[in-house]
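Presented sequentially are two complexes of chain A, the first with chain B as partner and the second with chain C.
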Partner chain A sequence: MQNMLADQLANIVLMHADDKLMLGHIQSDWTGLAPILEEDIAASAMAQDDLSHALVLYEFLGERFKLDPDAIAFDRDPCDYRCCDLVTIPDEFDWATSVVKRWLTATFSQLGLHRLATMTEGDLGDRAKRLLDEQTIQVTHLNRWMTRLGRGSIESHDRMQAALDRLSSSAGMMFEPPDATLTEDESFCCGRDELFTEWAKGIGITLDAAGLSATITLPDRSTGGGRRGEHAPHFIDQHAELTEVRHSDPATSW
Partner chain B sequence: MSGAANPVSPPDITITADPEKLAAFEQRIADGILIEPGDWMPDSYRTLMLRMAEHHANSEIIGALPEGEWITRAPSMLRKLALTAKVQDEVGHGQMLYRVSQELGKSRDDMLRDLVTGVTKYHNCFNYPCPTWADIAMVQWLIDGAAIMNQKTLADGAYGPYVRTMNRINMEEAFHFKSGEDMVLTLMSGTKGQKAMTQEAFDRWWPISLAFFGPADKPNCEELPPMKWRLKIERNDSLRRRFVNRFAPAAIDLGLIINVVTKNEQGFVTSAKPDEAIALDKSTGDWSFTQPDWDEFWRVIRGNGPCNAHRLALRRFSYDQGAWVRRAIGDGAVATPPAA
Partner chain C sequence: MSKVRERTRSPEGDLPAPTPDAKQWVVYTQKREGAPFKWAGTVEAVDTELALQYAREHYGLDEACVGLITYEHGDSVDGEYSIGPLVPQKADGTDGDEWLVFTLAKRGGNHQTAGTVNAPDAATAINRGTAAFADGKACNIRVVLASDVHETTDEEMVIWRTHDMTYKLAKGYSKQVRSKWTRIRDNPAYEQYQKEDIETHF
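== the complex of A and B ==
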């Protein structure tokens, strides 16, 4: 495990995989509780996509470092997870928070997967390419929800704007490099600033269509957060829940 | 998961239909012709069918809750994916069954409101706790196994939309059952602690599974509307006997002990001793067994079970929390996803 955690490429892959794990983990908790049955099914499918994407990336790392993908997913200490702060923010079963958070991260993941798809290490590029179709469907679906609720009613607009206001300050930290020693290009293939600009331009189109606004800035590279293992206290609780059954007897099969 | 075995025994059905139309309707059923939504049907048939489909739909979406609570604690990526997909399937079954019910004349919003306000019911088995991961295994193995047994008979019913929905649901339930069977096998092949946890969960769920099919029917139930009109196909006791014949030997083979238990108000076992009635009659192929506690069954179905209030409160919380979304996309009048 330590070999993997010391590897720069592994940290880049973990960054995306851990985002997916925690997004799927938190969203899967909505299964059976979403506002509309049809959307319950769709949101659960997206949670399963995210969990599956995480697994595909953990399997890549598992083959590369001779590790069990489940051990990568469940058996690291909380400080060794590379997910960003945004994905772990609890949504408190507020649909506006859930949609906005998933939309911000899905659009980021789409660009991230595009960059991983250009990588030539092993079959990483091919794996990322396979995930992109599902990711694009997620982005399309969430873009529609943003517009539908942004334009739906005064009440829904205000709830969506409030969620954006609440989450915007954490959105920039999606771009935190997972390792302080990584250069910009190593972290994001084409550069952190370029990625942020591309992402901000894309979400701006949807925000305009939805009648919503967000002020999101790119934090200084030295600002540490979840990607470097400096997680908020709620992540410690989420990690405990994630591993509760497995760690009740880690040596056995479940 | 679910199975609408016990809501269709209404004593208050009065048939007031035109005798000629009624005779033709009953002849169609006798001839094995499916009844479709646009066909003539007695009002009492529509009432019964709606009650059954709505109860079944309610059971599916309430049934998503106990298992849903364990998704975030599933112990591997594959178990987590399988459980999420399984619970999603249950919600999907609810969606299909509400569609069947809507065609019989009740709006979805009315049905969801009646559910969260306690006007309509859902299957009794969901009013019990799932305190461990092994309970999730038991729900998928025993309760889904019971549901498949029941729903396979319902797929031989007379109302076309419900029959087609049962066929679709049963295919998915078979996967749920296999997943549950694999979970139980894994646990019973595991450590001493896992085996003990599995036995405790089995003690909780075996009597609930026996009660799943409902109490014994009236002696003349074949002549009463639910069975005469093929809304209900097989007697509850017959289904229960087939269930025991299937699962008692399977449990014993796995190393589980079939106990007779007493429980406290929270649904936890306070005493357990081997069921001395468990035995195979080789001449009939039937297993004998001790009946579940029917007093407990009636107590729980009347709203006084360990989890009645919790399940309904969570469903109501979800309904209330999502109201603004439904208002925004359809003035609260319809419940549809965003346009594609």
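== the complex of A and C ==
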């Protein structure tokens, strides 16, 4: 495990996989609780997608470092997870917060998978290409929710804007390099600034269509957060719950 | 259930006014390129985009499929439901709008797409659809104006996910479960346990 955690490419893959694992885990709490039945099914299917996407990336790392993908997912200490701060922020069952959080991270993941799809290490590029189409479905779906709630009623607009205001300060930390020693190219394939600019331009189109606004800045490279294992206290609880079944009997299998 | 769900809150104060009811949309799925679209079910959605989105998440993940179409429930017109096969009527002409024609092979079954006809109204479309597609087999013809039918776009074609979802299929599930039970049944330790258990208790 330590070999993997010291590997720079693994850190890049881990940050995307861990984002997906935590998003899928947290979003699955909404199953049965989403505001309408059809969305309940759709959101649950997408949470399942996120977990499956994490598995595809963990399998790549498993083959590369001779590790069990389940062990990568569940047997690390909290400080060894590379998920960003944004994905772990509890939504407290506020639908606007859930939609905005998933939209911000899904658009980031889409760009991240585009970058991974260009990589030639093993079958990483092919794996990322497989996931990209499904990621696009998620982004399209969430764009539609952003637009409809932003343009819906005064109340829905205000709730969405409040969620954006609450989450914007953490959104920039999606671009935190997962390892302090990573150079620009190694961390995001073509530069952190370029990726951020491309991402901000993309979400700006949806924000305009939704009548919403957000001020998101790129934090300084030295600012440490979840991608370097410096997680918020609520992540410790989420990690304990995420790994509870695995730890109750690590040898069990289906 | 997640411990987080213990924190769900009950609504407080005045609830917002309900939004207008969603409309019902009928969904048909296509299992492979060129195959007919078969009736899958319905979804409720406020507009076409969300109807297709929900159709994909709801019915597209029930089984492997490559395409979806949907229309508002009230946009379809059904012809006579006959006890036996429909008798084709003389129905010449190609004037009018394009209608999508669905056939029903047997009562209690599900409609599927058969093709299109042009007609000035629904009744004529049913007549022309019967002549063109009933073929002595269908017991009902359903028509919908082609302009009212909405289909997944190329961008939305990934319906059945590309990651392994075979566990969702009934066939795959039963295969997996059967193989697990076979492993258990073939386990000598289990047989020995069962033998001793019977001796002890019976």
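FYI, the second predicted complex is superposed on the first by the 250 of 254 C-alpha atoms of A that agree within 3 Å, B and C clash if a C-alpha of one lies under 4 Å from a C-alpha of the other, contacts with A are read in each partner's own complex, and residues count from 1 in each chain.
Operating definition for what follows: a contact is a pair of C-beta atoms (placed from the backbone, for glycine too) under 8 Å apart; a residue touches a chain by one contact, two chains touch by 3 or more.
Because the structure is a prediction, the values reported are computed rather than measured.
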item	value
Chain B versus chain C as contact partner of A:52, first or second or both or neither	both
Chain B versus chain C as contact partner of A:41, first or second or both or neither	both
Contacts of A:149 with chain B and chain C, given as first, second, both or neither	first
Chain B versus chain C as contact partner of A:28, first or second or both or neither	both
Touched partner set for A:70, first chain B, second chain C, both or neither	first
First, second, both or neither for A:245, with chain B first and chain C second	first
First, second, both or neither for A:10, with chain B first and chain C second	neither
Partner chain(s) touched by A:171 [first = chain B, second = chain C, both, neither]	neither
First (chain B), second (chain C), both or neither touched by A:133	second
Overlapping contact positions on chain A, where the chain C interface meets the chain B interface	26, 28-29, 33, 36-39, 41-42, 45, 52, 55, 93, 141, 144, 148, 152-153, 155, 241
Chain C residues touching chain A - in the complex, by the definition given at the top	2-5, 7-9, 16, 19, 22, 43-46, 49-50, 53-54, 56-58, 61, 155-156, 158, 161-165
Sites on chain A touched by chain B in the complex	24-26, 28-29, 31-42, 44-45, 47-48, 51-52, 54-55, 58, 69-70, 73-74, 93-95, 141, 144-145, 148-149, 152-153, 155-156, 159, 241-242, 244-246, 249, 252-254
Residue ranges of chain B in contact with chain A within the complex	61, 64-65, 68, 71-81, 84-85, 87-88, 90-92, 94-95, 98, 108, 133, 186-187, 189-191, 193-194, 314, 317-318, 321-329, 335-339
Interfacial residue positions of chain A with respect to chain C in the complex	26, 28-29, 33, 36-39, 41-42, 45-46, 49, 52-53, 55-56, 90, 92-93, 130-131, 133-134, 136-137, 140-141, 144, 148, 152-153, 155, 241
